[in-house]
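Take a look at this one; I'll ask things after.
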Amino acid sequence: MDTATARKPATEPPPSVAAAPVAVALDDVSISFAMKGQPLFKAVAPTSLHVREGEFVAIVGPTGCGKSTLLNATAGLLRPAGGTVAIFGEPLSGLNEKAGYLFQQDALMPWKTAADNVAIALEIGGTRRAEALAQAQDWLKKVGLGRFGDRYPHQLSGGQRKRVGLAQVLVRHPKILLMDEPFGPLDAQTRQIMGTLLLRLWAQDRKAVMFVTHDLEEAIALSDRVVIMSAGPEARIIGDFPIDLERPRDTAEIRLDPRFHTLHRQIWDQLKTEVAKTYGEDMPS
Amino acid sequence: EIEKPNVTLGVGGKPLLYYLPLTLAERLGYFKDAGLNVEINDFGGGSKSLQALIGGSVDGVTGAYEHTIRMQQKKQDIRAVIDLGRYPGIVVGVRKAEADKIKSVADLKGAKIGVTAPGSSTYILVQYLMRKAGMNPDDASFIGVGGGASAVAAMQNGEIDAISHLDPVISKLQDMGEINILVDTRTTEGTEQVFGGMNPAAVLYFKESFIKDNPNTVQALTNAFYRTLKWLEKATPEEVAATVPEEYWLGDKSLYIKAFNASRQSYSTDGNIDEASMKSALNLITTTDPSVDPKSIDLSKTFDGSFLAKAKGQ
Amino acid sequence: MRIHPAKLFLLQILVAVAVLAFWQVGATVPIGGDYLLPEFFFSKPWDVIARVYQLFATGTIWKHLYITLTETVLAFVIGSAGGIVIGFWFARKPTVAAVFDPYVKMVNALPRVVLAPIFMLWLGLGIWSKVALGVTLVFFIVFFNVYQGVKEVSPVVLANARMMGMSERQLFRNVYWPSALSWMFSSLHTSVGFALVGAVVGEYLGSSAGLGYLIHQAEGVFDVTGVFAGMFILAAFVLVIDFGVTRVERRLLVWRPQPAGEQN
Amino acid sequence: MDTATARKPATEPPPSVAAAPVAVALDDVSISFAMKGQPLFKAVAPTSLHVREGEFVAIVGPTGCGKSTLLNATAGLLRPAGGTVAIFGEPLSGLNEKAGYLFQQDALMPWKTAADNVAIALEIGGTRRAEALAQAQDWLKKVGLGRFGDRYPHQLSGGQRKRVGLAQVLVRHPKILLMDEPFGPLDAQTRQIMGTLLLRLWAQDRKAVMFVTHDLEEAIALSDRVVIMSAGPEARIIGDFPIDLERPRDTAEIRLDPRFHTLHRQIWDQLKTEVAKTYGEDMPS
Amino acid sequence: MRIHPAKLFLLQILVAVAVLAFWQVGATVPIGGDYLLPEFFFSKPWDVIARVYQLFATGTIWKHLYITLTETVLAFVIGSAGGIVIGFWFARKPTVAAVFDPYVKMVNALPRVVLAPIFMLWLGLGIWSKVALGVTLVFFIVFFNVYQGVKEVSPVVLANARMMGMSERQLFRNVYWPSALSWMFSSLHTSVGFALVGAVVGEYLGSSAGLGYLIHQAEGVFDVTGVFAGMFILAAFVLVIDFGVTRVERRLLVWRPQPAGEQN
């Protein structure tokens, strides 16, 4: 995690992405789950997705389509049934060490306080404990939890836990960020503050970001590209919309931009048909 | 000079009357007088103390003479230096309720006989008796009842018809009025009836190599034990009771004295093992264990009388 | 990455062969004049195998095996049932648990060997006194684990179940029991061995049949080969019982996730 | 749960609430947490909230303000430090048996399949297993999971698990519904479908609903009243907005209503100041 | 609803008094001609208490107690350290675990009483052969629990830690170890008792001092009072060790949530 390289001021315009190297290359990746006594469940049909260094890609899709699964494959936690995953050109075997992953579920260590949970992410890399704790405290402040450093996870609210998780991932400055509904349990205001925080960081060292969300506005406001997945099983990527809104963006203001609304409508229309398909069979009566 | 003043002795159940001379020698201070510092390790049974000897964790053992014979067959050179008990001390008793049915060894056919443990000397004695009476070993069923209280419990609960055991269990059962005695090898009369002579029981034995390397130490021990035997020969039951720790009294001094009186004759008076008693012991083993070939045993190597002779000369 | 069963079996055999070879060498080749594993204490592997074969060939073993196995299975079943029931009870009644806690721990510390005469007094010399000895070992192992297992139930799942309106019985069936299962099975694997140990020690201290009786008899006449043959048969039979436990465990714990991310 | 009484057609107008009995009465309820080695944390300052039978109350507030805590107190899982909780006039002691609670966290039994997880909620009440399973299957279909009945929770996606939880709560038809971000991990489309489903059910038997959400639009679209909590610690209810939109509502259409927008702006303004306070001290730099 | 400590203590005393009263009655009042707890096998509570007092008053007990306690603590520490290390190792190396699994279970089934002579051969008559016996009991209890405990680590927390880039060592320290702690402590509570049992059985089978030696001496001469006094002292000391374990446990497990919704 080369936090030292390419630190640029937060206000710098977004890096030119087209020329940047491909950070994550999913080629014809398909994912299946074997379950006892049931036929193989083909969650994701062969799908390709490339994310370049410095690119912020949002992934939206109906619930249960395979977004988390796709992130898991990128993280190296799940071996695809077919296709290849390459990270900065290297085929992925084992864990993806360049990536930081904010899980959809609670993943904090329950036996560590919030501050320790964040600090450990640095200590692993060799940072001295005092220094790591100081940075952790700093990060907790950034996510609005400065006074909650000595709480254990079960003493925090759902949204607070998620933010500790956010700090835990960001503090390491990974080159690739995998985020699975990071702002799900947060209120709209906090969401925007966190979004701005994330964008600032992202711009700093040209991270590649894969950002799963159910909030289309958020997806558009933050990303360079919005990728749409079809309903599962055998979900595929069925839409890929470049977001040509100017950077740097103010995540609150941008929603007033007319271009924002055009994009929103476009994507929404496609998404709607997709979600309808999810309920093709199970449509609530 | 004594090569090894700090000696460890093993014994399988020190408080048993069977090993009384050991406790007496210790309590009378005869080891100290002989210039020895003896540590006594108590084991779960006679065979365990022998194993400790072979394994090298104790220097000598007060145990059954029979061990020296068996070990020869196992190619372990173990030698006794002094006899402590000349009669086995094993008693076969019959539960009172069965006493009118079982009047002799021959009546044991089909009975349930309690022994300390399968394979132990109490077990072997009954097998020997049965063979002599012309029976097969499987004509009766043997039940290991352990030493101590569990043996008493087995008899009390009527789970065994007869018992082959040692003191203090036998005295306790007698005291409780639970059994009638069928065979008593605590006494001269009983032992002669069974074996036609002596049959050495507890002896002090060592590895041959230990004897060779530490003759003076062995001598000192032999001296101490010989002195004890002589003391015991003349001691009154009260004196004995006063010498052993109070806990050994079976909770009741009079019971202890009764038990001691019953066993009194079985303690050796001169520490010697003569050839006839060696043969008698070997016979006991070979009759009950066909895997032991009498011809392969050199009885002269089971007992080294030289130390005893010197002890007597003092 | 699961290992292939055939390869696994081969490796297992290899370990056995290595141990036997070491044993054989230790018992027959003197190192600096001393044997590493003197024959007097360890016998020789080949002799032991021959003796095991002979015991089965002549059929003498079956009666003893049958008795010991009965005792083991009874001790195991009764001990674990007791441990489970009392463990659950204590876990659900904190006051009861707090009051009896020191006594349970005290009883657990009593040497079973010393208790044997009391069991024999109460239960006689038959199989039940041996079963009792096994039970006193198994019970505590299972008890402590079940007690802890119940306390480890996820608070959220429990709260959800209680909000559904589950009675104590229903909570037991649907929440505590399945949640404590993996704890229980962990203790059962330990217990299988201890059940057998209890039975054998019981036989060793007083009995007329069983593997413990055989071993004791062999010990009395310094027949180490017999002792080892007996122990070997014991150990082999534990595997059989444990195999059964594992089967049941697999069946009852189908719902568990495979450890994620362990695949590569 | 008297599902038999008062079953009315789904299209019936909303029950007249003003006259209905009070289902949940929180009076001066305050909640504190004791933590080892730390001063008492006063999460909720004395607060009152009454919810009538047949009333749908949405609770919004900044993350970590005490929404879940308030629901826990109503459920009887947490004893308030002060004040009283009364359910249908009776002071609450022990668990609230009239309430169904959809937790913010995953609370499915991991050892039961989705169908069993739903069925057990009925079996507890004495329903025969076959019947319970049939109803469970029915409910799974309603939440769009008809084909996932035999999956274990860990084989489901985050949104799928939440929907199983929803079915688990709704299948029992509790008189009081406590829902903690029930639609959090769902996409916008599914959210609306679930919202409609919920409204239909609510109208059927005059349930009292306490609905925590971070989505203000959703809160307005569904509820009769939106309650706003202030940032913690010592959070209070600082706003209570009646939503006078007509019923029955179409949760999608209603967002186009101008009245909807007025309400939204009103509430939003208040909420914004509140959230800003949350970061009073910990404002991300 | 926690019970008040004073009330708890009162209840505990009450239980003790009830047991003693029952014992006294059973030993002295014949029921239908038979004693429920014949004095010959059970002694009488008052005698036992008097003997315990006497043992302490005359000071004879200290030497024995010291030896037994040393053995127990050593057996406990070595056995649980071994169980923890090997348990973790097996849990992290599935191949190793699969290969050795049957052997571990076989060894666990060997009756320790029979192994005693071998330990004496190797380790002599000092405390170490007794420690070894205790270790063979403690080890397996801890081992099986740690092994299972590591496998029970939450897959999500584990995946998160691995994504952070933790090495195997760091995973151990930060994830496996804390997660397996409650499993471990559960097994430690069982083990405390078994460590003592191992030590005492070892002494019982061959020694010149220690509580097991005392008990053995007493047994041989039907001194039941002595046996019970010895066992009582044993049991009391287990409580002391267990108290220490509980203290450490409390300290290490501060992070656990109080069971939610259990308050009313």
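Residue numbering begins at 1 within each chain, and the chains themselves are lettered A, B, C, D and E in the order written.
By our rule, a residue touches a chain if its C-beta (ideal position, glycine included) is under 8 Å from a C-beta of that chain, and two chains touch if they have at least 3 such contacts.
All values reported here derive from a predicted model rather than from experimental measurement.
J.: Between chain A and chain B, how many steps is the shortest route if every step has to go to a touching chain?
T.: Minimum step count, chain A to chain B: 2.
J.: Count the C-beta pairs in contact for every pair of chains, then give the pair with the highest total.
T.: Top-ranked chain pair by contact count is C-E.
J.: Counting in whole Å, what is the centre-to-centre distance of chain D and chain E, each centre being its mean C-alpha position?
T.: Here the centre of chain E sits 49 Å away from the centre of chain D.
J.: Take the average of all CA coordinates in chain B, do the same for chain C, and state the distance between these two points in whole angstrom.
T.: The separation of the two C-alpha centroids amounts to 37 Å.
J.: When the centre of a chain is set as the mean of its C-alpha atoms, what distance in Å lies between chain C and chain E?
T.: Each chain's C-alpha centroid was found; their separation is 17 Å.
J.: Please report how many Å separate the Cα centroid of chain A from that of chain D, as a whole number.
T.: So the centre of chain A lies 28 Å away from the centre of chain D.
J.: Spell out, as numbers or ranges, the residues of chain E touching 2 or more other chains.
T.: Chain E, residues with two or more chain partners: 41, 113, 117, 121, 155-156, 159, 162, 204, 219, 257, 260-261.
J.: If a residue has to touch 2 or more other chains to count, which residues of chain D qualify?
T.: In chain D, residues 77, 95, 105-106, 154 touch at least two other chains, as defined above.
J.: Residue numbers in chain B touching 2 or more other chains?
T.: 51, 55, 148-149, 153
J.: Please name which positions on chain A make contact with chain D in the complex.
T.: Within the complex, chain A touches chain D at residues 33, 35, 38, 60-64, 68-69, 104-106, 141-147, 150-151, 155-160, 163, 181, 184-191, 193, 196-197, 214-216, 271-272, 275-276, 278-279, 281-285.
J.: Any idea which chain E residues touch chain A in the complex?
T.: Chain E residues touching chain A: 156-157, 159-167, 170, 174-175, 178-179, 181, 255-257.
J.: Can you tell me which positions in chain C touch chain E when the two form their complex?
T.: So the residues of chain C in touch with chain E come to 1-3, 8, 11-12, 15-16, 38, 41-42, 94-95, 98-100, 102-103, 105-114, 117-118, 121, 140-141, 144-145, 147-149, 151-153, 155-156, 158-159, 162, 182-183, 185-187, 189-190, 192-194, 196-197, 200-201, 204, 212, 215, 219, 227, 231, 234-239, 242, 257, 259-261.
J.: Where on chain B is chain C touching in the complex?
T.: Of all residues in chain B, those touching chain C are 47, 50-51, 54-55, 70-71, 74, 76, 112, 117-120, 123, 141-146, 148-150, 153-154, 156-157, 159-160, 289.
J.: Along chain C, where are the residues that touch chain B in the complex?
T.: Checking each residue of chain C against chain B gives 38, 40-41, 116-117, 120-121, 124-125, 203-208, 213, 216-222.
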